[in-house]
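In what comes next, subunit A is part of two complexes: it sits with subunit B in the first one and with subunit C in the second one.
Presenting the complex of A and B:
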């Protein structure tokens, strides 16, 4: 298994910068997800790692080898694509083994690996079919098989589950995770789906506007988003925000139109917080209280039944907030209610820079 | 039922029936009539004294007909194969993101916009020893340079191939290029990551997946071969002698030049059977592909 180091990698198309100053250190055997909205540069970054596009600046190492300008085939990696990219006129068997035959792998070795991969992915019965005769899920298994059969140290996934339906997506997700655990390959996985990122990754790099916003474990990114963008991008429903001015005398307080909000107990990340700021609280970090009892006043606007729990949509300071409550909790639309939270579970972001305070 | 709803529900069908009647009368009617005439001993005017398959057996003992058939095979195979091979090659070159692709596309496609009559005349001048390539080369001082295929019975047929390929190569290129443009970028990425050399990628993955496109182009080019008349008339006039005759020219000559319409009809019917024999496998393959 090999590590992947990206050192100050940048990419621009003409005058348009797509990626700037990307630094990632992916450890051997790690499952890294590149997460971000469309157009954030995550696919471009994956293409640069694969060697399908050249970076405009910076350095890329796989293992100890500088592969910044190496051909894709010389980088010792395999790749799975969103549209599967199977060779349409070849049988599954030939799709899996074509690359090995190009490399002049001995026939016995090819047969051995073919047997191993087709048993691993349970595609033995499909070997003599053509891609056109397979379902979407089967095609994706073959595409994964074509990547695994090369026994590379690094495997890249470019939104591999986006073309599958919801049920199949969940199943395949679990399966890819299991494959990673069993094989220990270093994986870089691009997706815009935060559920995939949260459930599969050892570490997630959240990208926005061609920059890495945060690079950490899924739990850390969820609990302690380092920028306002990450806070708003992860979580469904997303984090609730409230703006005001931070004052640090007599304990940390957020001064706003509806009265001061006591934030003592908040763990400060960067320096002395002051000035215009935004407070962020996750829907499940809010507690319902009697009207007037909590630190915030709210009015229930509508109720979403989610099965396991319920999402209450309420107006707080003229903003629409969501609160996750257990399904037995009685409440009505239009009800006045109080909200409370622990300052330790909240996040504060600078209004100017978007950085966590 | 009101007349309004009658009209609105039946008008399309009535228009279609009219159209089909026209087609049936003029197309299939002519076809049947030609078939009937080919069984008679008609000369200048159609007469209906039936002689069975006499005209057909006469055809097969006529040298000129055999020569024209052999010529058609030579011309057909070379024309289709060379046009497709060059067309595919040019399409691949253009597909590699060359600069000024639009200009090249226009240059290669331009001959296709020229009518075959003009193509034939232009190439006649080029091949003509007195003013064409031979004269130019001799003008440069190569006194013994000879390029007289037009008057060489063995080689006249290849002048048709050259002119025909020049005319159609752009057409083959544009059709294949359209197919290549439909190939997803992921497939190309997969080919690169798997370390497959470019030429093997094209030969073993991309082109096989374009076979319906290639097959359509081949069928269209093949129909040119059987219809080929204007090119022959303007370029070689079937000569020298009848060394570069093709079946279509054979039939027209006997219809109008030699006033032997029974004989010419027999030749026409055989040409039609050739077309049918060529198209049936294509439609059969299409039909089977659709059933899957």
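Presenting the complex of A and C:
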């Protein structure tokens, strides 16, 4: 298994910068997810790692080898594409063994690997079919098989599940995770789906506007987002925000129109927080209280039944907030209610830079 | 379905009347040629051109095939058939192969120069080839190919390439880029990708281009007349020599039979492949 180092990688198309100053150090055998909204440059970054696009600047190392300008085939990696990209005129068998045949692998070895991979992915019965005769899920398996059969040190996935229906997506997600655990391949996986990122990744790199916003474990990214963008992007429903001015005398307070909020107990990340700021609280970090008892006043606007729990949508300071409550909690639309939270579970972001305070 | 939709309205009737009239307009000359090629000359002189033959006979066809005179030779049109075949088939195959390769290269070559090249190729399509004949004659004679068999094949290939390149390139633009990327990730070279992955996906467009090129080259007269040389005259040139033979009266029935014999291969190709032709055009249109 190989590590992947990206050093100050940048990419621009003409005058348009797509990626700037990307630094990532992916450890051997790690499952890394590149997460971000469409247009954030995550697929471009994956293509640069694959060698399908050349970076405009910076350096790329796989293992100890500088592969910045190497051909894709010389980098020792395999890739699974979003559209599967199976060769439509070849049988599944020939699709799987295409790369091995190009490498002039001995026929006995090809047969051995074909047997291994088709048993691993349970596609033995499909080997003589053409891709057009397969369902979406089966094509996905063949595409993964084509990547695995060459036993490369690194495997790249470009939004591989986005063309599958919801049930199949969950199943395949679990399966890819299991494959990673069994084979130990270094995986770089691009997605815009935060559930995939949270459930599969060892570490997640959140990208926005061609920059890495945060690179950490899923839990750390969820609990302690380092930028306002990451805070708003991860979580469903997303984090609730409130703006005001931070004042640090007599304990940390957020001064706003509806009265001061006491934030003592907040773990400061950077220096002495002051000035215009945004407070962020996750829907599940909020507690319902009697009206007037909590630090915030709210009015229930609507209720979403989620099965296991419920999401209450309420207006706080004219903003729509969501609160996750257990499903037995009685409440009705239009009800005036109090909200409270622990300052330690909240996040504060600078209004100017978006950085965590 | 409503009752009104079933009753043909005046527009529909008009449309069918027009289509029918067009069909008659285009078929009438062919019918004329067929009918008269089956009559002896006396009957043609005596009767109406449109009358059916009293006793249909293939004598005129036999004459046209093996006995009609062009200039001093009286071997009919048959030697021209083989010449046309040996010119058309290699020219079609080579222009398709290189057109496909060019088209694929232009699709894969992601740069402004690629579009500029494609633009120049499209412009080349609109240059009347009559204007290129004299320079081509000079170039071919410099390399000793003027009036030779390889010469005429090369001329057809070169004059056909802008067209085949354009068609293949437009078809390949419709193939998802991830397929060639996948082949590249598997370690396939440009040529390997082309031959193992892209060409097998191209059957529809190959058929379309093959039909167009076949009929185009088969029906060519001018290039064959100028470049083929006396030993390789295609059928069209021999047909003209027979028809415009000025000795004696025009032998109409033989001339008509010779015309039909010359047109036959192109017609057969159209009839046999019409279905694929439509399908290929449609596939190209939807995917592009």
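Throughout what follows, the second predicted complex is superposed on the first by the 357 of 357 C-alpha atoms of A that agree within 3 Å, B and C clash if a C-alpha of one lies under 4 Å from a C-alpha of the other, contacts with A are read in each partner's own complex, and residues count from 1 in each chain.
As a working rule, contacts are C-beta pairs under 8 Å (C-beta built on N, C-alpha and C of every residue); 3 or more make two chains touch, one makes a residue touch a chain.
In this text, all values refer to a predicted model and were calculated from it rather than measured experimentally.
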Fit or clash - subunit C, subunit B, common subunit A: clash
First, second, both or neither for A:166, with subunit B first and subunit C second: neither
Per-residue touch tally on subunit A - higher for subunit B or for subunit C: B
Touching partner for A:306 - first (subunit B), second (subunit C), both, neither: neither
Contacts of A:108 with subunit B and subunit C, given as first, second, both or neither: neither
Partner chain(s) touched by A:15 [first = subunit B, second = subunit C, both, neither]: neither
Subunit B versus subunit C as contact partner of A:79, first or second or both or neither: both
Touching partner for A:330 - first (subunit B), second (subunit C), both, neither: neither
Which of subunit B and subunit C A:88 touches, first, second, both or neither: both
Footprint overlap on subunit A, comparing subunit B with subunit C: 50, 52, 72-73, 77-79, 81-83, 85-90, 98-99, 102-103, 146, 150
List of subunit B residues in touch with subunit A within their complex: 184, 186-187, 189-190, 192-197, 200, 204-205, 208-209, 211
Of subunit A, residues touching subunit C in the complex: 50, 52, 72-73, 77-79, 81-83, 85-90, 98-99, 102-103, 146, 150
Subunit C residues within the subunit A interface of the complex: 176, 178-179, 181-188, 192, 196-197, 200-201
In the complex, subunit A residues that touch subunit B: 47, 50-52, 71-74, 77-79, 81-90, 98-99, 102-103, 146, 150, 158
